[in-house]
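Please read the structure below before turning to the comments.
Letters A, B and C name the chains as they come in the text, with residue numbers starting at 1 for each one.
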Amino acid sequence: MNASAHHRAAGVALTALLAAASSAQLELSPRPDQAALSMQIYYGHRPRTEAEHKVAVWGPLKVPSPAYAFRAARVLPIDGPPIENGVVLSKDGDLVAVGKATEVTIPDGYEVVDCGDAWLLPGFIDLHNHISSPGQGDINDTVHATNPEFRTVDLITMDHRAMRMALAGGVTSALYIPGSGSNMGGFGTLTKTAGRSPEEALIRFPGSLKIAQAGNPERGSGDLGAGVIGMNQGLRFTLERGREYYEAWEAFDQGKGPKPEYRADLHYLRGLFRHEYPISVHTQMYQVVLETIRELRLEFGLWTFVDHGTFDAYRLSNVAKATGVPIAAGPRAYYFHPDDATFVGVAAGWYAGGVHGWRSPVEGVGRDGIAINTDSPVVPQEQLQLQAAMGVRLGLPDEVAIRAVTINPARMAGIDHRVGSLLAGKDADLVAWSGDPIDPRSHVRMTVVNGRIVYRRNPDRPLF
Amino acid sequence: MTRSLGLTVILLALAATAATQSGPGLAIVNARLLPISGPAIERGTLLVRDGRIEKLGADVTAPPGYRTIDAQGGTLMPGVVNAHAHTGLTQAAAPSEPRPNRFRRGGRRRGGSRGGPAGNAENKSDEKVLDHLYARQDVFADVLRDGVTTLGLAPTGRGLPGQGAVVRPKGDDVKAMTVVESAFLSFAPIADTKTKDLIRKAIEDGKRASERRKRRQAAKEEAPADAGEGPPKEKPEGETPPPDKPAEPGKEPAKEAPGKEAPAGEGPRGRGGRSQQEPDPGEEAMADLLDGKTRAFVQLDSAMDFAHWEDVSQDASFTTVVVSRRHATSGSEGALELVLERLKSRKCTVLMSPDFDTVPNTQYVVNLAARLHAGGIEVGFLLPDQGHPLRTTRPQLIELVRAGLPAEVALSGITLTPAKALGVDQQVGSLEPGKAANLILWSSDPLDPVAQLRGVWLEGNEIEDDAR
Amino acid sequence: MNLHFRLLALVALATFASDAAAQRGRARGRGRGGAPSAPPAAPAEVPPPAKVEKWTAITGGDVHIGDGRVLRGATVLLGDDRIHAVGHDVTIPEGATVVRADGKVVAPGYVAARAQGLGLSSSVTGEVKDAINPFDPSIKRGLAAGITSYLYVSGGGQGTPSGTSALVKLAYGDAKSMVRKTACSYVMRVPLSPSEWARLRELVAKAKEHVAASEASPPSRPTAAAGGPPASSGRGSFGRSAGGGSSRPQAPAGTEELVRILRGEARLWVRLGGGGGGRRGGGGGDDDGADDRDEIRQACRIAELLGTGVVLDDPVTGWLLADEIATTNSMVLLNPRRSVAPDPTLPDETGSNMAAARILQEAGVPVAVTCPSGRFGGAQVGTGGILGQDLNTPQVDAAYAIRGGLDPRHALATLTLDAARLAGVESCVGSLEPGKDADVLILDGDPLSYRTFVETALVNGKVVYEKAKESYYQHIRR
């Protein structure tokens, strides 16, 4: 048995484990009601349902959980107006109903959890972290100039301290990606931050392909591509091989060619070209982000989002919007502008667009095109809320800041049919906040993941 | 007989050559004259006699017997004065320029030690830079060929590095090169207690020396009968001869420094061991400064530097010339512009490298020279010590002018302003009758980017340059 | 043998002396929140102000005094560089400059108990005043963050207090008034070895002897120690020199710092963790230094030995020993959000507690807050982009103390009055009380909100920062 066969066996085992769960026929984005969004994310020809995914593995649905009726003074469903005196029903991992206390009848068998004056929100989503890394670091292994054979899914452990801290910080979903040691660091995993096993916590693997353009991988990308010019070509080279592999499989599936030989290093690139998951691109600065959009989004036609998007890259907000490439901004909250010594808010810049020096005014990506991340452990995982607060401090509207840690990252990662807002049928990931969820003075009283209460704050010794 | 006749012929020929230099002289005609001290004369003639400018103007004609040079419409201006240079010094190596940080514009430059010779600040106010000078060096010919006809030679070091001199970049020995032996006292203060205390103490010592001097003077005046030889005729440094009796640049003997009677730089500075009567040359040099006989050349690159300089020199009133070679890399310490009012109230001249500054943490370019000038400060420029000082500096000046510095300030900034700063503006720095015939001739306006250097004269002698 | 015996005797002697002093310390009692009996309050010592040249009145704002009190719509009257009066019925003298702050919040300038940069390099040789850069752009950014003064500390000893310190005012451009106090804090590290303990006891005994002797024949107390106006001293140089007057007899060699600490003229900062072994800032999962109880206890023993409280620099388990810390009149600098996992190999509780600020303050320990240290944050007013992890937003650190349960009414003190206490400078800064330095902020909202900006900052009665005129945050309008 050679290495690739072994690799395939591991993948099969995971798939088998989840086989029962991933037969969902939920329609994925874009949905009809999303026509009014401020920007349309480009998803390519992604499969319509989870079941149609051939490479990606989806985590379980309907995870067994008690039936709860959460009551709170204020419920922010995100995909709908705020509800005063609301009730949220959950059972078997899913949300059953969300509405006013006066309108939602609590069925028999539901345990009432009174959250008092708390604000009830969907759990936060962080699209850039290293939440389960041994030693709390990035994972910067660099074997080749590009490393599409790497994956974080094998590293997840649910009792990692960053996971527990995430719950105390209200973060329930995370895209755990490799570091930017090489141009292509490997495939990240979308995982819940609580679960009885990594398999149960899984949302989707691969969550994304991690690509790092300029700004880090220069430190060790091998012989080919220690500089920007070579790195761009190195990426192109690898992606072209991935596309050939994908095309060979498509031909086979359509009965037009022989069965290709399984290639562990190209297997997940096939899913990338099937648009089953996006590329999250560590990219920053105007020129580099422009190259990201040009090469990955336009040349290869891939579903892409910008990760970091820092420094002066926000000047490309109109280009990002036109090409459907959204932004997961952070961990830097501002760009100290060398032209005039101003603290320019990165998220606010992407959101609002504006006049940037020599340019005519450009359009912003609007309220739906921006997410905020921690790059934990750069900013500790539990401080995602602070990242949003700092976005607000520098000009992002509150409402957009909340979306930037809930529904927006869910849409960008293609998991908004499961998480990101309080909508019946979605996963029961809930957080009860003591007050304004963007204010660092507010704390998490309780966190619910897949319908189970996984964190309650001990006031004598709160984790966070 | 024949042999003797031949010798006579040669002697006569030599005499004739000498006559063209010191006799009837030289006329440069058909030139655009830039006197610096006054408006340009579009088509004029300049007469040189005995190494000095005799006359200049549009209606001046070359007297018979004068050697005539046709400037062909070129521009004639005074030779360049580089007022703070370490050219040809055998002292410790000249300070190295800080390496500009590509990533942090205007970032903090201070890393414990400022450029310049390593080691601690020292009080070497008794040391003369001329003691470190060796005359016959190619570097002097180099800078002279390039148009630098006067040099302010400054000692290097931290704290009080010593006394600076004014020299001409030509001469067989130090004496022949010397214009002023002790023209200024150098200060290289830094923000550090040791250095500041050193300077404070030196100023206090100087004050006491000055008091002693005044008491001696008063005592002598009270009892003139007692003074058999009369009061010593002090010829103070920097004091220039009256215009009607111009100095003799060519033959002028090296002036005596006021403290010259005392042996200079003998052994370690054991001031306590010195007898009461024997004045300390370092203290005397400081007293000269306090008494207004010389001036202070203070290396200050930023508002911060100036604040600390004011702290150590507060109540001392003497002429301060700010020497700023590294202002462009001192952004985070505040541009000198921030202390403009203080500079003005202390009547400081600023001699600076002709660089642009950037506002710290930004890419905003600032023409510090233009701003200081607009604020009422007299601004002069420093040139490189060696190589091709003028060839290097001229494009920088052109850029400063393009960015708003008045052209006349740029040109005065390398001639008359530094001459004034050195206290030799009665001898050099402009085209005026009686001044040394230090001249440079350009093919067109000196701030025209394509102008070529056509000729250089030092005290009436044309400097050869094969490259021209 | 003989030597050993002598050593024992010395130790016994020192212990006795320390007990006596400790009792005296306790007898003097503790002020609000267990404030140590250190420097006497300012007003009594401030010479009556000479004629005021410039009056400035800040009117109409909600005035946070800094000790928890808030006066709505009150006036703060500044006479030159001092606060003259605060209240609702303050008469504004004729010719006063009136700054309207209606609808705004007026607060004391923040005192950064741990800061870097801000006009000084990390290691000053010689005196602080001679190294200051009054034009450092980070001073403006510090003012934009609300910081008007900070405790500069460099150096520090292992077994005995040492180091260079100063209270530096962010009086941008005015080098003369930037150094407000010097030698107001010393630093030492624990744990100490047995021989270091013996040496310390010996020195403390000597220092106490000296203090007792000099108290018997009281010298004229120099006014500068209490903080006279920032006028120049004899030599005509920046700031003033250390409080020790020349009329005092010289302290025995090696005890100068201890004598100043014993007299309440300086604070002793105790750094925990000796060799500084791997204290990484920030992230969860970090159980380095999870158990620093021994270091904290050693610090408390030093406080007992001295008979005066010390400052504990960011203890992890201080919340477990709050009463012990309070008993010794000690104080705590805390990074409230620092999360350190308990040591899994120990049976008892270790590690950090988000509620530490509340627990300590309830026990009577003054607490000041500081920002995370480390690669992406640090005690600087940086421009690197990661906001909320450095000194650009001091209110975030106080916010996390509130998140951990600290009463919001007492939270501002962690940036103002208690921070000044820790630095040993509460006689001149930290609250809006008559006689103190006129360091005032005008804010566009709640001081502890993440969205609040400094609109105007005054240091020594002069406007040194205006949001509308400086580039940094000018463009952010709500």
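Heads up, the rule we're going with is that a residue touches a chain if its C-beta (ideal position, glycine included) is under 8 Å from a C-beta of that chain, and two chains touch if they have at least 3 such contacts.
None of these values were measured; they are calculated from a predicted model.
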**Asked** Centre-to-centre on C-alpha atoms, which chain is most distant from chain A?
**Response** B
**Request:** Could you find the two chains linked by the most C-beta contact pairs?
**Result:** A-C
**Item:** Distance between chain centroids, defined by C-alpha means - chain A, chain B (Å)
**Value:** 68
**Prompt:** Counting in whole Å, what is the centre-to-centre distance of chain A and chain C, each centre being its mean C-alpha position?
**Reply:** 43
**Asked** So what's the Cα centroid distance for chain B and chain C, whole Å?
**Response** 51
**chain A, residues touching no fewer than two other chains** = 336, 340-341
**Prompt:** Mind pulling the chain B residues that touch 2 or more other chains?
**Reply:** 360-362
**Request:** For chain C, write out the residues touching at least two other chains, lowest number first.
**Result:** 137, 383, 471
**Request:** Show which residues of chain B lie in contact with chain A when the two form their complex.
**Result:** 105, 359-364
**Item:** For the chain B and chain C complex, residues of the former touching the latter
**Value:** 108, 110, 112, 191-194, 196, 200, 302-304, 307-308, 311-312, 314-315, 332-334, 338, 360-362
**Request:** Going by the contact rule at the top, pick out the chain C residues touching chain B in the complex.
**Result:** 121, 123, 125-127, 130-138, 173, 175-176, 235-238, 383, 471
**Request:** Sort out for me which residues of chain A touch chain B in the complex.
**Result:** 336-341
**Asked** Can you name the residues of chain C that touch chain A in the complex?
**Response** 137, 282-286, 337, 339, 341, 353-355, 376, 383-389, 393, 396, 399-400, 402-405, 408, 448-451, 471-476
